[in-house]
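Going in written order, the chains are labelled A, B, C and D, and every chain counts its residues from 1.
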Amino acid sequence: MNLPLNHYVRLPEWQVSTWVNTPRSITLESLRGKVVLLHTFQMLCPGCVMHALPQAERVHQTFSDQDVAVVGLHTVFEHHSAMNVDALHAFIREFRWSFPIGVDQASPDGDVPRTMTAYGLRGTPSHIVLDQHGFVRMHQFGRVDDLNLGGLIGQLLAEADHDNSNLRMNGQVMPDIVVGNCTQEGCSR
Amino acid sequence: MNLPLNHYVRLPEWQVSTWVNTPRSITLESLRGKVVLLHTFQMLCPGCVMHALPQAERVHQTFSDQDVAVVGLHTVFEHHSAMNVDALHAFIREFRWSFPIGVDQASPDGDVPRTMTAYGLRGTPSHIVLDQHGFVRMHQFGRVDDLNLGGLIGQLLAEADHDNSNLRMNGQVMPDIVVGNCTQEGCSR
Amino acid sequence: MNLPLNHYVRLPEWQVSTWVNTPRSITLESLRGKVVLLHTFQMLCPGCVMHALPQAERVHQTFSDQDVAVVGLHTVFEHHSAMNVDALHAFIREFRWSFPIGVDQASPDGDVPRTMTAYGLRGTPSHIVLDQHGFVRMHQFGRVDDLNLGGLIGQLLAEADHDNSNLRMNGQVMPDIVVGNCTQEGCSR
Amino acid sequence: MNLPLNHYVRLPEWQVSTWVNTPRSITLESLRGKVVLLHTFQMLCPGCVMHALPQAERVHQTFSDQDVAVVGLHTVFEHHSAMNVDALHAFIREFRWSFPIGVDQASPDGDVPRTMTAYGLRGTPSHIVLDQHGFVRMHQFGRVDDLNLGGLIGQLLAEADHDNSNLRMNGQVMPDIVVGNCTQEGCSR
């Protein structure tokens, strides 16, 4: 399997103006230790509504919240008034999306909201998968199929076990083996 | 994710009378070191034709042959003359299944062929996933969805890396750590 | 085929506050002579977005505008601010619905808009099919499959031809026109 | 709707060696008065198994046997031994096709069976729709979508009613019967 292992970067914290489906704000930092599927979408984007949001919901139903955090991010870069927070609330309620969804903070400088700019997202839907160390392991615009997405999540879950096992197994810190053949500084093949 | 981690057994060698889509016979033993998806089917089983065989083909297309071996096994337990070897050849050619497919050896004692009996298969389609050590990690009759199947394969691929890393990392044999937190004798939570 | 032939009523004129995808207002009256599929929906109704609107679009693509008028009616009875006219415009543009869509006029008396009340609609999506005389030939809430919908439209189109023949026939017998431009002996182009 | 109205020919009688799902042989002649969907297929043809046969089954479930006769014809032109009559029986039983299916009679002169040659079929699946007079109204190789197929069947059903009206009308004017049991002024139940 050719997983996109080539961009071991960490993302800056997301900037969210409000949250839905969660009693409190969620920071990226707080999800360290879990595999994260960050699903960025717009509520009036056909590819999001027809494919990507249902897939995110399936991931949320398939994997345990303990292991995999599915987080939606509403990155509105067009039709801002049509996709305001009230509209998003109605959309989430009617479509019964059950995972936490944040609203990307508007930018004073233009149409593209802050996190979308910071993360360099091309559009919606975009899929970002982070491993338990917060490294980006997938970053894809458009459509991803379930076998690939499941394959990556399964791999990262096993890596997580791996790391834990290592820690438990060794009675010592293994400082530079973090994920697979990667250090905190980067990865070599 | 609740993966079915509870049956760490090895399968006896399959008994195959003939092979398609491979220049030579394939033994289970020879696949040690790879994740194996063993897909057992009948060519006139609707669930196989409509869902399970296309899924096996997708797995074959998605993952590298180096990492994941997809093997079909034609376990005919009814309509034997209709699903004979010639018919299977025509079926494989017309549907363009590209992965190796073996014919489960007929039993002198009844309708159920030998490997199907030996593996305790309930019917078709049945999905068996083996890790690189040959342990059964999934054994499911009926339908499996892509996220779950992909998730398991990804996990096992990462475990494989893990084990290799361990071997490489430690300069020593770690005799009883086989997969995750399991020994050859069994697994503990 | 059990077509719902039991409610030959005419609908009162719809009450529409604004139109999209048409240069001028459309009256129900003006569509007399065509088969009409009136598709009533809300832009944040999952069954509408996932199934009914794509089906209406397929009908619009499959049949000629000369024969079949597909008309959408946005009957908002909840989340009014989220589904205002601007939001509807964005929705139509992004999802590329190509058929004319009217906005059901708000009622001063409550959440349910005027046409929805007048037509006794249970919810969204609702499908109303009118024959060329304006009689209701189908009125169904929820999901309709393509074979049934196509079957009814085809039937009504043929009835229309039939009527025209009759009208043309008035005052004279056209004894051997049986089907389309065919006689019992054969057909000519 | 651009229906393929350009080939008003009658088909010669089919030549069938054996029938399944019917207590007695069916002749094309005996179906005069019904709309006929003749679905020609091979049991090992992917497009037939995945799309065309399920569609034929849906047509059979959707429309009344009184109005629409769905007839399958097994036109084997390759892999003859793999698709023999016993194999076909097993296929029909396992996939639960419920409509009558005939086996196209083998030709002494080559691989293509007799009816397939006589009808000039390009391959499988082929769809032939006949009106109640036995005229070919659709003849299409490959895939047909449900809206189009339903539309044509509905049209032909209405033509049939039309003709009956005409026949009933013979000798007298029935000036105000326009659609079904409706007058221009209105409809009664």
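Following the convention adopted for this analysis, a contact is a pair of C-beta atoms (placed from the backbone, for glycine too) under 8 Å apart; a residue touches a chain by one contact, two chains touch by 3 or more.
Everything numeric in this text was worked out from a predicted model, so none of it was measured.
Participant: Starting from the Cα centroid of subunit C, hunt down the chain whose centroid lies farthest away.
Facilitator: If we average the C-alpha coordinates per chain, B ends up farthest from subunit C.
Participant: What is the distance in Å between the mean C-alpha positions of subunit A and subunit C?
Facilitator: Whole-Å distance between the two chain centres: 42.
Participant: Nearest whole angstrom, what separates the Cα centre of subunit A from the Cα centre of subunit D?
Facilitator: Centres of subunit A and subunit D (C-alpha means) sit 51 Å apart.
Participant: Quick one: report the Å distance separating subunit B from subunit D, using the average Cα coordinate of each chain.
Facilitator: 42
Participant: So the centre of each chain is just the mean of its C-alpha atoms; given that, what is the distance between subunit C and subunit D in Å?
Facilitator: Centre separation, subunit C to subunit D: 29 Å.
Participant: So that we know how the chains sit together, what is the shape of their touch graph: line, ring, star, complete or other?
Facilitator: ring
Participant: Could you please write down every pair of chains that are in touch?
Facilitator: Chain-chain contacts present: A-B, A-C, B-D, C-D.
Participant: Tell me, which parts of subunit D touch subunit B in their complex?
Facilitator: So the residues of subunit D in touch with subunit B come to 44-46, 49-50, 78-79, 81-84, 86-87, 89-91, 94-96.
Participant: Any idea which subunit B residues touch subunit A in the complex?
Facilitator: Counting only subunit B, the residues touching subunit A are 1-2, 58-59, 62-64, 67-68, 145-159, 161-162, 165, 169, 177, 180-181.
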